[in-house]
């Protein structure tokens, strides 16, 4: 369970998020939609504690993670797949995953579970992350987050720049996670990529969150999307 | 007359073909939109036009001159203006000073202020010349970017996703602004917002995986199933 | 260290003056006390407490404090106690000039005194001249006698390097060998050695085979030693700064068992214990010493007195800490200079800053300075025109881990034609 | 001396310089790489290492090797502790802002220097080497068409100098193993590569920073302990290692440990070898200009990747 | 623009205050202020590169020394007139700066710091190497008789004070004028966002080179004046310390402000002077003060002033 309660965030003097409130239930995929610069990535970083809150609270499974130092947030069970993957490029696949496992002291069985989802990574085991293809890098970024056995998973544009087959693979993993009871917060720009997996969709514009709708409603009426995103 | 053209323009990053063998012609006075999915190579392509990135191979011609080997500032001085995709204003300087820096490329002394004020008026930032650019909202920073482009009175204005983060009203104003500029300036526009593209562009070029996928009037491109597939990812 | 840094306050000085009469002759004291104001004579002491000269500065400070205490016990100067006002110059010429300015205009000192490092002297002297502050330096540099400075700058307590160097040449040529290789630091002090010694040894029929100038701040030296020619008979070495011990040790390691004769300026080992690990090979080598640090068998009573007052033992180390070796070859200059100042002030009837010119004239008029408690290093001859004093120089040989005297030069050995005449300058 | 033996001697001397420099520079490189700050006080940690080594060896009687071994273990730890304290009380509070860090570390430099002067004093003091034998070295010459060994005049080194080279090599291998083979090394590298992501994966970045700052200072101190039987401990001795380490770190390519070590070897050797052919000060000038020009024409360092 | 008038008022006011102070200050502080003004001119020069262009050089002692030795060697070796020698020093500084700029500006960031440091170190060693002319570390004296410029004896305290004021005033007014010119504005733009400035069509390299040359020339002017006014030329002014000092002064006073370099120089001078009178541990006090300033006044004195009170401070 992830709850954002009226968070305000600024980069220096420019306020980026204003009173953003969201909640994601276990076993649910909430998709955050908005244009570039609307504040989606900032929301993610604020949840992770990478940006200080001016006000508001972030609660994960009853723990106010916004009161914790940033490095304690993941241990509560928040896995983060950032935009642009941001792997530890000079480290090997194995080392990247080890860093993920370390967060909640996951044993070999956790790793085996993750590798079962991404068998390709086992083949690339001692390769340096920066030498992987784009799709493999995205797999590794996702796998790294799954290694900490998250109860909340944040994914920021996981399909950016990927081939359709790769997109499909990532989408399936997200679905699997939802089915295992993980609360998934997904940021996407590609509406079609979202609508097929999301349970609910929240729109964000200029740092404020607008309405949150069931994905069903959007699938039924595409005009809502166009109204908010102008595509 | 062709203002800008490229021949076989390519760029690789560590084996990734960001832009591949692009031939591109932009006649004087046209508004051209460049569209394509994320990662299609749009920004790399325009970066090579204005010299921020050097091509791996190919040529860039501007006003009949081969500018492939000119450094960025020389190209700008030939009459190009470039606005950044990610807002890149001078955050610690005032709005006025941001635009004045651009305006001083062509005017000096007492002539700067009127130019700046006029440009700020055109984009709707005339009420806040003294504010620090970094304190503006994201949308206003984008408008400031556009204002800096306008202040240079360029022959070719390259706008990289200018409407990102703008409100509906601001987008409407932007469209009107492009309509005004058409008469005097050639415009190359990278844009995601299809309504903007459909309304302002004369011709649309679609990039996908670093190559030109389609080119033509907006309606034709919009109707092109290959473009639909690539752009919306529904393939 | 705090103890030695403490400068006598006026009250303490007065108390010493009152109680310490036992050491002084009462009539002398009474004569001055009756005639003059009893406000202290303020001597601005520019001391290298920090920076590269700090090891010297500490001993200069101790010697100065001891000399001032002695003078005060003896009734002060013209019946007035001496007050030492010490300020750090960071061994930096810019700060040095500022400190001189502070003495003259802030502390109202009667004179400035005590500077060792020559760049500090040269940086400060112009200010002293402009401020008309008599500036008594203890730096052994040739800059005073060369005429580079001004009438307000004097060096009456220590022989300059030009004299020291040329006085060594006869001994080196006649006793050690005529083919010399010189190793010296590549800055002005080293260049003085290079120029004056080369000329002097050639005058003796010898020759310098090679000049090896070591860059300042160098910390390892072995790589330069192969430049020493094989047929070298004598190595002439002089080095300053914190790396001196490394230099000497590496020299020893380079030569191993078959070394040529070696002659060094004790600057290479000033403040360094001759029995430090790695220095065993120095046995049998020769040193110039300004004042032998080892109490010699025929030690003069003056040296014994001086040693005792400053707190230096027979090996040249602090009486409190045998590992704390003094800069014995230089620091006597502080002691002697203060006594020259005293004599000059008394001769000039110095009463205050208005008499500064007469003080300088009085010192300029001095000539012979006999071996005495005031001049424990030896007799001296002062040249009023060049503002420079000349004295005996000592050559010692390391024998059984001790520096034993083998030769004393005459004062005449140190003389050279005048290069300047400050007395023609207006005040 | 003939050119061959001279070059060998200069190389040997250069190797000692390089060994100590490599340790010091690797410490600086770690701090620079992981924390992205310029630690101007690095040379003072080196100096503290030397001064404390003198102090520790003085505490213990008996064979010099005993005190030296003790210093070798104790001193780096002590200095690392001081560095960690400085990190937590000062650098952390200014959020490792690059410019402010420069000023703050200059402040730390002054403080350390002055405190050392007030407690230890201005003298250069020696430490007895644990072992030190002069080793004359042979060279080959061709006489009557056949090679034969001979012992050229002055060609020698000492067992301790060779020991320093070996010890530095050992420590460098240890640092490499720490970075490449251990859990803590992994965390440090992850922090270096992406601070935010390190936080997002639960790495206590502040503690890693304090640790890195401590290890960096400890390596400088260790280098100083090794050199102090050759050069004496003096309160102003930190300046040169600081400058040289900086040069080495930049020439080696920022944050690249192998590059740093290679650059240390190059700089250490070039200084000695250039001095074979020119007068000493001119050699220093040329070596300095050479380094500057290398950077001018390869700004990313000899072993760094050219940024796109 | 009312701010413009306030700016001019403040800075001319400072010059007027400095002018007036010479009549009331005790001799010691009078002399100190003369020194501080010349050194502050050096800091102003440094600040043009560091504070306004955003380039951190560790080699400015090279320029200061180029001015000092350019002037001093001419006077000492050829007996040139002080004014001509002063000009020669300034020109020497400009030439050295141009040469260094062309090379060093190929690098950026820390590499720029190191390259400038290395060139300055080579310059320092060169001064020692040519000891026959420079007298190496010991330096040489510019005799009082050689310091008479157009009949004015520069060793006289009030003349010297006035000359110091002139040098500092000139540097500060150049700086004030600079920030109002297009060139100066572009320097600030480069500091703020180099890529953006380039994409507005400005030749970043040429502007940076101009900043190096201007900065070096002012530094050289300060160096030449210092040697001439205080009668001493020595290698310690070419050492790395004298590259670090202006950085400290500027950071303490406030980088990128016109008045900051003066405040920083003044502050640092008296911090050391006063604490050195109180205790031998003045370096300790200076060190602690530096640390405290970075903790509590990170923008420097004038920078904090600008943040809190005078937003218009240039």
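For the reader, a short list of remarks on this structure follows.
Letters A, B, C, D and E name the chains as they come in the text, with residue numbers starting at 1 for each one.
Rule of thumb we're sticking to: a contact is a pair of C-beta atoms (placed from the backbone, for glycine too) under 8 Å apart; a residue touches a chain by one contact, two chains touch by 3 or more.
All of these numbers come straight from a predicted model, not from anything done at the bench.
Taken together, chain A and chain E share the touching chains B, D. With steps allowed only between chains in touch, the distance from chain C over to chain E comes to 1. Each of C-D and B-E has its own count of C-beta contacts, and the greater count is at C-D. Of all chains, A has its CA centroid at the greatest distance from the CA centroid of chain E. Spacing of chain B relative to chain D, judged by their CA centroids, is 51 angstrom. The geometric centre of chain A is 44 Å away from that of chain D, both derived from CA atoms.
Taking the mean of the C-alpha atoms as each chain's centre, chain D and chain E sit 33 Å apart. In chain B, the residues touching two or more other chains are 91. Of all residues in chain A, none touches two or more other chains. Counting partner chains per residue, chain C shows two or more touched chains at residues 50, 186, 215.
Across the whole structure, chains are in contact as follows: A-B, A-D, B-E, C-D, C-E, D-E. Touching chain E in their complex are the following residues of chain C: 5, 49-50, 87-88, 92-94, 97-98, 101-102, 104-106, 118-119, 122-123, 125-127, 129-130, 141, 143, 148-150, 186-189, 191, 215-216. Contacts from chain D toward chain A in the complex involve residues 183, 186-187, 189-190, 193-194, 196-206. Contacts from chain D toward chain C in the complex involve residues 1, 5-6, 9-10, 13-14, 16-17, 64, 114, 117-118, 121-124, 126, 128-129, 132, 134, 136, 153-154, 156, 158, 230-232, 234-237, 239-240, 272, 275-276, 279-281, 284.
Considering their complex, residues 32, 38, 90, 93-94, 97, 99-104, 106-111, 113-115, 117-118, 239, 243, 246-247, 250, 254, 281-282, 284-285, 288-289, 291-293, 295-297, 299-301 of chain D touch chain E. Those residues of chain A lying in contact with chain D across their complex are 45, 48-50, 69-75, 80, 82, 86, 88-91, 95, 98-100, 102-104, 144, 148.
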